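Sharing a structure below in structure tokens format, with a few things to ask.
Lettered A, B, C and D in written order, each chain numbered from 1.
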Amino acid sequence: MANSKYEYVRSFEQPDNLLPNTFIVVRLDGRGFTKLTAKYNFEKPNDRRALDLMNEAAVAVMRDLPDLVLAYGQSDEFSFVFYKDCTLFERRASKLVTTIVSTFTANYVFGWAQHFPDTPLTAPLPSFDGRAVCYPSPTNLRDYLSWRQADCHINNLYNTTFWALVLKGGLDNRVAEKELSGTVSADKNEILFKRFGINYNNEPEIFKKGSVLYRDGRPVQMSKTQQEKERKKRGKAKIVVEHVDLIGDSFWERRPWILSGRAG
Amino acid sequence: MANSKYEYVRSFEQPDNLLPNTFIVVRLDGRGFTKLTAKYNFEKPNDRRALDLMNEAAVAVMRDLPDLVLAYGQSDEFSFVFYKDCTLFERRASKLVTTIVSTFTANYVFGWAQHFPDTPLTAPLPSFDGRAVCYPSPTNLRDYLSWRQADCHINNLYNTTFWALVLKGGLDNRVAEKELSGTVSADKNEILFKRFGINYNNEPEIFKKGSVLYRDGRPVQMSKTQQEKERKKRGKAKIVVEHVDLIGDSFWERRPWILSGRAG
Amino acid sequence: MANSKYEYVRSFEQPDNLLPNTFIVVRLDGRGFTKLTAKYNFEKPNDRRALDLMNEAAVAVMRDLPDLVLAYGQSDEFSFVFYKDCTLFERRASKLVTTIVSTFTANYVFGWAQHFPDTPLTAPLPSFDGRAVCYPSPTNLRDYLSWRQADCHINNLYNTTFWALVLKGGLDNRVAEKELSGTVSADKNEILFKRFGINYNNEPEIFKKGSVLYRDGRPVQMSKTQQEKERKKRGKAKIVVEHVDLIGDSFWERRPWILSGRAG
Amino acid sequence: MANSKYEYVRSFEQPDNLLPNTFIVVRLDGRGFTKLTAKYNFEKPNDRRALDLMNEAAVAVMRDLPDLVLAYGQSDEFSFVFYKDCTLFERRASKLVTTIVSTFTANYVFGWAQHFPDTPLTAPLPSFDGRAVCYPSPTNLRDYLSWRQADCHINNLYNTTFWALVLKGGLDNRVAEKELSGTVSADKNEILFKRFGINYNNEPEIFKKGSVLYRDGRPVQMSKTQQEKERKKRGKAKIVVEHVDLIGDSFWERRPWILSGRAG
């Protein structure tokens, strides 16, 4: 081969296989989305169209990668969870992360026009970065997801109150910010209710809880030879999008196969 | 904070900062592009529209990331080279790779309709995976790029001959494959010339050499305080797309700042 | 500082912290011990003095590092297991591995004269290499230790039979090797019993099972503030050396705190 | 094999091969040597016996590993430099580091009695930890060594002055510390000269510069087949211990093969 004398450069590639028998979580985040939400006039505090587009892109990722068992999204971020015994791409971090980020981005850009028919995309286009993290135990994984969902709640309560003060209360951004400085949850709930008649509990679940994606139907126990078949079947299973609590036990007790770490 | 008891999960994130003072190369590859080229009827052996779209997406990546000094693309792959002293994202591998892959994908999907007006995209959408590799010396970096460009040449000569045998010679795919088995470059050149009157040397440079992207104009030496300004200026510099030889010395001798590893 | 302009070189150090909440196993192996056993005339198939010296060095390592919960040794290798929640040296791999290997080596060399009074050490001195591996689950850890103990058994049965054939049967090394080629355990047991009157079951446990080291006494549940005290106390606890089975459940059921992953 | 069902645990070992074409530096440091110097009554500010023992252990390491091109030691630390094109142990970090640390420790403990005949070792024994760092360019490597040698100078000037104040000036440790707080080099030189008649320049080079170890004689250019022979020859070459300046150009200009990165 004419290029054989250059092939030694392959030896500079360093392996990045992730530790076996751990849950791999890939989280992606929108790059510069503060600017982007301003550019395309996203509704405040939440733009339902944008969340639907995020979810649509995430569903496409789960459809593409049957080894994913769960995904959780809020705001401009999404976390994807692989089965604990997943061996996709020999668990190479860069391959797993880029495949998810690229598939997500492709679907986000492709789906934009349908969700934002009046504000076509212009350069620079939306993009996402991502990373992979391993969690050894079911508790670690649940704590990770609780962390993201608690974050969703805290931010959403803040944002809902902030934008009520600004949009309905007529306050200047800085004044609203100052007013909220040092308040706890109860204070914000009271501001919403007393000043604006908003009962935070009645806010849409998608805003308060974010979105949980998983496959419909319990996988069955099966032999090695059945697994590839099952993998394909899983790829075709309906993907459910719900806005449910992940912090308590209920979700997990009903779907024990998620934490069991077995793909089938 | 309500989520503080979960925050320990951040300690599971493992750093992936790449070794300083080395050239970082991020290469991305189309996922399942054999299927994709069939699905959208790409012309054989090369589809100029597809290559133009690849280059357009790569130009957008270089515009987005002024720390990139060079890019090289062929077929469904693209390699992006960062300055040796680049400190973008603290040189975190996953951040660098996903930013490039996501930006590239966004522009590829967004630009599709213009380059393929008659074959609109349908699911599953095109996507790319990627990885980062460090090269310590200018020689290593040049050998990497020579490896990719030699690969381009070898594949293109093969494909040009193969598709001439099939499309012009009327051979069955397998028969053509068999005929080419064991042949060297000279044999293929002869087949092309004697049977089909094709002088391989006259084939388009973009097919034979691939595409080289770099910024127009030599960066000037500057002080620390000037560097951020320069970085912005660099972001605005025109990006040149050429189909030139990277294996010989000429390209490099004319642009010594590329291998010098200094961003400004 | 006069050396401040050079200090940037510290940025080239790359972090190697091991994933939290996993069992860290550090295994060390004798370097070139085949040569060494010949040089110092180790007894065949096992030299009790050498094994006692290995165990003595391992006890010193466990005394030095209270975060170690278990150690297993056989032949010229030793595996050390850290508590799952261990945070010693921020779990930096190189620090953990070199500390163990250095402490082990120091004690091996220091203790040599007492165990081998007639064959003093000469250059090159005995040395060991080592590596760290993470095991996420108790099952993975037990399987690792079962792997080493099964390896001990297999090698010891082979060596016992081989050296019986050579030393008692008068066979040439190669002839003995050939005779054992393709035999299973039952065959070797039969050779030992029929030809040499050796009942393998009656061989010393230290040869058949290797050596298991752990601290005497069950650690008690305690508060955060008690933990440092406990760590010191642990450091003073007597270290037990036993030659017991690790493959079955019995050892583990009696000492549940080992797999619980809690240091205290 | 009886242990085959456990062998999957090997897949948990993660590769740690270091980037090719970079200088690998392994630095080891004494563990808890402040305590140790007190325990064995090391002379202040420098104990020549201890430094000689360090150098002896380092010579043994260089003899054991012909791929080492240079070593630099001061106080209780030693840095070992591998040729840039070294492929020993496939450049696995843990293997390289533990081999050096173990060999060094073995020789330190073994040689103790000769250098400290009046103070025999007792538990806990001296031990060392270590780590590997890659330096891509000759400049980076030289800056690393300059950093260590400048550190040696700064510490030695401080310590020489401090112990003069304490041992000759009769000051209390704290008073001496306070007196030196905020002083620059010129101040310390003056204290030494005016109060104690000590000209720092006349202090022994081993204290001021540390110790540089390298092989005697320039390696010759050779063919692939000669390299293994040469490697052995190198192993037998005399190792020189000098106390010379590494910060200036002179040392390097006379021995260009060190930075050339070629083992032979």
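Rule of thumb we're sticking to: a contact is a pair of C-beta atoms (placed from the backbone, for glycine too) under 8 Å apart; a residue touches a chain by one contact, two chains touch by 3 or more.
None of the values given here were measured: they were computed from a predicted structure.
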| item | value |
| --- | --- |
| Fraction-based call for chain C against chain B, same above half, different below | same |
| Furthest chain, CA centroid comparison against chain D | A |
| For chain A paired with chain C, centre-to-centre distance based on mean C-alpha positions, whole Å | 44 |
| Gap in Å, rounded to a whole number, between the CA centres of chain D and chain A | 50 |
| Euclidean distance of C-alpha centroids - chain A vs chain B, Å | 29 |
| Residues of chain B engaged with two or more neighbouring chains | 12, 14, 19-21, 134, 140 |
| Chain B - residues contacting chain D, complex | 19-22, 134, 136-137, 140 |
| Residues of chain A defined as touching chain D within the complex | 11-12, 14-15, 17, 19-21 |
| Residues on chain B engaged by chain A in the complex (per definition of touch) | 1-3, 6-9, 12-14, 16, 28, 31, 60, 63-64, 92-95, 97-99, 101-110, 121, 123-135, 140, 143-144, 146-147, 150-151, 153-154, 185 |
